[in-house]
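Paired with chain B in one complex and with chain C in the other, chain A is shared by the two complexes that follow.
Moving on, here comes the complex of A and B:
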């Protein structure tokens, strides 16, 4: 393929069209409500990349990529995991509890809270598996119904049994020094969380494309009856995929808590909307898992830049949620248009 | 705590009404064969528009009308892509729920100048039935939309089983090919069901923001649209059972509210409706499974 052909294919690919379409509609929204796009967009870029903001963008990329895997892994098996918030919060609060209550030697003091955070997230998610495979309750509904009480439980734990004494704040005390994620650089926002999540993503991409389990998960997602006929233990595979997704969400929560400000602050995990930014990114990447990290990077850029836009240009940062919603709708429409043209 | 006081029953009805209205919309879509999980976003959008229009015009009923009209438009974003273009309704709905959340929070800041919660003396709420001369203990402090919601359950039941268009809608949902074979315009019925569901969600939103309370808060639908989706799943597309499922949620919310008054943490009250709804869903599924096994 010649370079122009490649370029044309990239420009006409669904993600590029979807993002361009969403940005076009967003610019329209800006013009309708009287916001000057020539002020807003430069503020967005500065807010995400310049003035020392890049490290916040990278710091937000880590949990968003974790949440993207939490959604993408079960989706491969045909299960919609929309309960990321609950898995994230329970992972975070469990990691905080382990770090605060169990005295551990250096090294283990980081690894064990991360492991327990992942375990907690996995357990919250896997509840949906028997409900889906045995009782026919769609995971999209059950994960969401489990998520809300899980967020409430984490909130209760951090306000009462784990609360920092005598402050009245809804947060845990600062975690012991040994449990802080080792920093990569001066400020501490860049931690080993970044290489960790990148390696795990690479492992997932490898497992998805090159291992038996990855194949079984994809087969289960494509056509459950056919996979069962082919000897795949589809119920077990669906449960594994949900548990694995939940574990990534729990790990993301643990990574947030072990990073600065090194404590669980009630609402701090769910308020930035990592879960649905990740959902939008995964749907944007469509059927190409390799594109997931790129899509996550793009949407994290928009999300963090949106806060800069709010500071500088006075445009409410919720605009980025509008962009994400539009991207999802446009992706869905493009997918069906392409399928129809292919036929 | 006396569960059988009138005020508790009134609390149950108040909590039930918005969920019931949204669930009636969801049921209509389900009957037509459209899996509508955008109820949450539509409910939030309806609640927002109701407050904006009521605030601008000073009339709660204009607010209700605005909410219905705006939510019908919003639901066209579901029916257009998913019925006309056959895009995956689940993915479209996930996007629309996010869009509603972002759009309401964004416009709230643009229109009212701040986020969080908006209320004002200019904001007209729906009148109580008591003010309109209804002297029944449970209904005295309800908005007129509450009996409307209950009435719509009966109307829906009658329409789906006793009228030509209702039966045709069921045919579209149950047996697409047969419906097409007898010459029904399938996509017309589906568009109609989705748009009417939008109108019902607009009513639900108006009841939430101008009936239950008189304010708009970011994300104030707080999962009620999802509870409505579950109520539809529990109903087996029967309006009577739908009412029971929504009442169950209403009891859970009113009960949680009382527990909070009795000193339990707020988080328990927040979680109660979800836990009880999930438990009901699981029990119903187990029971249905057992029933089908015994038949087999």
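Moving on, here comes the complex of A and C:
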């Protein structure tokens, strides 16, 4: 394929069309409600990338990418993991508990909470597996069902057994110094969480395309009966994929908690809506796993930039949520159109 | 004037020229057969006539006037109807509801059930297509479901009815009934386009026949003036080789597959198989006949391990293992639902089962996967643009060859083949039969399930007849078809 052909394909691809379309519509909305786009967009860019804001963007990118993997991995096996919030919260609270309650030497003090956070997220996710394989409740429902009590359990733990004494606040005490994620450079927000998640993403991409397990997960997702007939233990593979997704969510929670402000604050993990943004990014990336990190970067940029736009140009940051919503709608419309078009 | 005409129709899929300037005309009340090899472009042509594909060049005419077809809805409006090979019915709705859907009689804004039932009853009366309007479609046998599809098209006033390989899923009895129906319907002035691979059917029911080859018309005949040989020649450019000798050497040795007093119950505790016993020795093909639903599915799933480790099934003397026993090569009947993942690539489809053999400790090298696929594609002469295209874009015969390639290259001594030539052309059929005979001669034990008695008689050394979950008769491979057919209906003696 020649370079121009590749370029044309990229320009005409669904994510590009969706993003361009959404920006166009958003501009129209701005004009209608009387916001000057020539002020708003620069404010958006500044809010996300300049004036020292880049590190917030990166800090938000890390958990969002983690949550995107939490959704994308099971999706390869045909399982919709919508229970990201529960897995995230349990991962976070478990990491906090391990860091607070177990005195650990440096190094291990970071690794062990992360590992237990991932484990907790994986366990929360895997509870949904028997519900779907034994009782026939699809994962899209069962993960969601398990999520709410998991969030509540995390909330209970942080309010009572793990609460910071004598403050009445729904948060844990600050974690010991040894459990803080090592910072990168001078910044407090840029931690080793970034390289960690990037490496894990690369590992996932590799496993997905070039390992037996990745192949069996994809076969299960594309045609479960085919995989079963071929000798793949499809129930086991689906459970494994859910567990893997949950582990990514749990890890994302642990990374948030071990980063600044170094404690588990009730609601702080779920309130920013990482889960939804991540689902949107994965849908935007369509069937192409390699595109997932790019889509996450783009949506995180919009999310963080939106807050800057609100501060500077007085544009409500909900506008960026509209953009996100529009992107999903356009992706869905394009997918439907493509399916209908006589090929 | 013709009821429907395709004029100069050309359709490309990327590099593949599926239809190349095809002219086809159907007269009113005519049964017009369309035959050709796998990939000849039959389905593409029919899809164009039904508005599913748009031609790159050429046009469609109805009663002499050009019509524009942008979608099946346009086609329906112009009096075209299609019976899809994979039925598009709602199993949870009744026959009548399925038929009137999209054009329901309504009373006070709601479906007028009584009127619907009445209309459907009148319609089935008129065309002699028996179907109980209030029966749930989910519980009906395939032949009746197909009738419902035909009724649905007729209910929408189809004057041209397209059937793409309608008999592939039918038993011989159901096929005969379908043909009666088609003749009745044609007698009322409806034109029928019938795509099929079975030349006997063409000669039995068709008035005229058009032969396609590599996207072009290579023959037009009146069925009264042609025969199977001439059609085969037009289809594949040569005659078929005379059928191979029955066997190279007699079966010998201990059975590789043994079933002893096998009883299988469904979830409700109803016995689907009762006391089935038989053995297949190395170098032997045992045929399995029976009307659909006589227990074939349960038997095959038990033998392959897909039903778990059922007691009573032994492979080379040891019990079958649960979850697809790797010692069995299995060519399933449902090519799209079970045999392949249609939207995965050819390479990934033929990989299934061998993935662990190709993998090194940490990786499954793509190069090895594709090289192996290319090798299989060559050895089994599968025609595919590349091993990276989705297997669902291959024609039926090529997809089937890919499934056979995958299964017959497994290191297995037991082969289970279900309807291995369903939907494949005469040339591929010959090839598939050769492959099975070769496997047999190399010492495989083969269990062959087929609804085509000619196929069983061509290949099998012995034929078992299943009826209501029991083996009710056993015949030598060359027993007369009528005897086998009688046993299939449960008639004893």
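One rule holds in what follows: the second predicted complex is superposed on the first by the 335 of 343 C-alpha atoms of A that agree within 3 Å, B and C clash if a C-alpha of one lies under 4 Å from a C-alpha of the other, contacts with A are read in each partner's own complex, and residues count from 1 in each chain.
Rule of thumb we're sticking to: a contact is a pair of C-beta atoms (placed from the backbone, for glycine too) under 8 Å apart; a residue touches a chain by one contact, two chains touch by 3 or more.
Since the structure is predicted, the reported quantities are computational estimates derived from the model, not experimental observations.
In the three-chain model built by superposing on chain A, chain B clashes with chain C.
After overlaying the two complexes on the shared chain, residue contacts for A:212 are found with chain C alone; chain B is out of touch. In the overlay built on the shared chain, the residue A:233 is in contact with chain C alone; chain B does not reach it. Using the contact criterion defined above for the overlaid structures, shared-chain residue A:327 touches chain B, although it does not reach chain C. Within the superposed three-chain model, A:160 lies in touch with chain B and out of touch with chain C [touch as defined at top]. More residues of chain A are in touch with B than with the other of chain B and chain C. With both structures placed on the common chain, the touch criterion links A:187 to neither chain B nor chain C. Clashing C-alpha atoms with chain B appear in a single stretch of chain C, chosen from 40-48, 94-102, 256-264 or 346-354: 94-102. When the two complexes are laid over each other on chain A, chain A has no residue in contact with both chain B and chain C. By the touch criterion given at the top, residues 13, 52-54, 306, 323-324, 326, 330, 332, 337-344, 348, 351-353, 355-356, 359, 362-366 of chain C touch chain A in their complex. Within the complex formed with chain A, the residues of chain B that make contact are 37, 77, 81-82, 85-88, 90-92, 94-103, 105-107, 109-110, 115, 223, 226, 229-230, 233, 265, 267-268, 270-271, 274-275, 277-278, 281-282, 285-286, 289. Taken in their complex, chain A has these residues touching chain B: 29, 33, 80, 82, 131, 134-137, 140-142, 144-146, 148-149, 152-153, 155-156, 159-160, 276, 279-280, 283, 316, 318-329, 331-333, 335-337, 340.
Remark: chain A residues 206, 209-212, 214-216, 218-219, 222-223, 225-233, 342-343 touch chain C in the complex.
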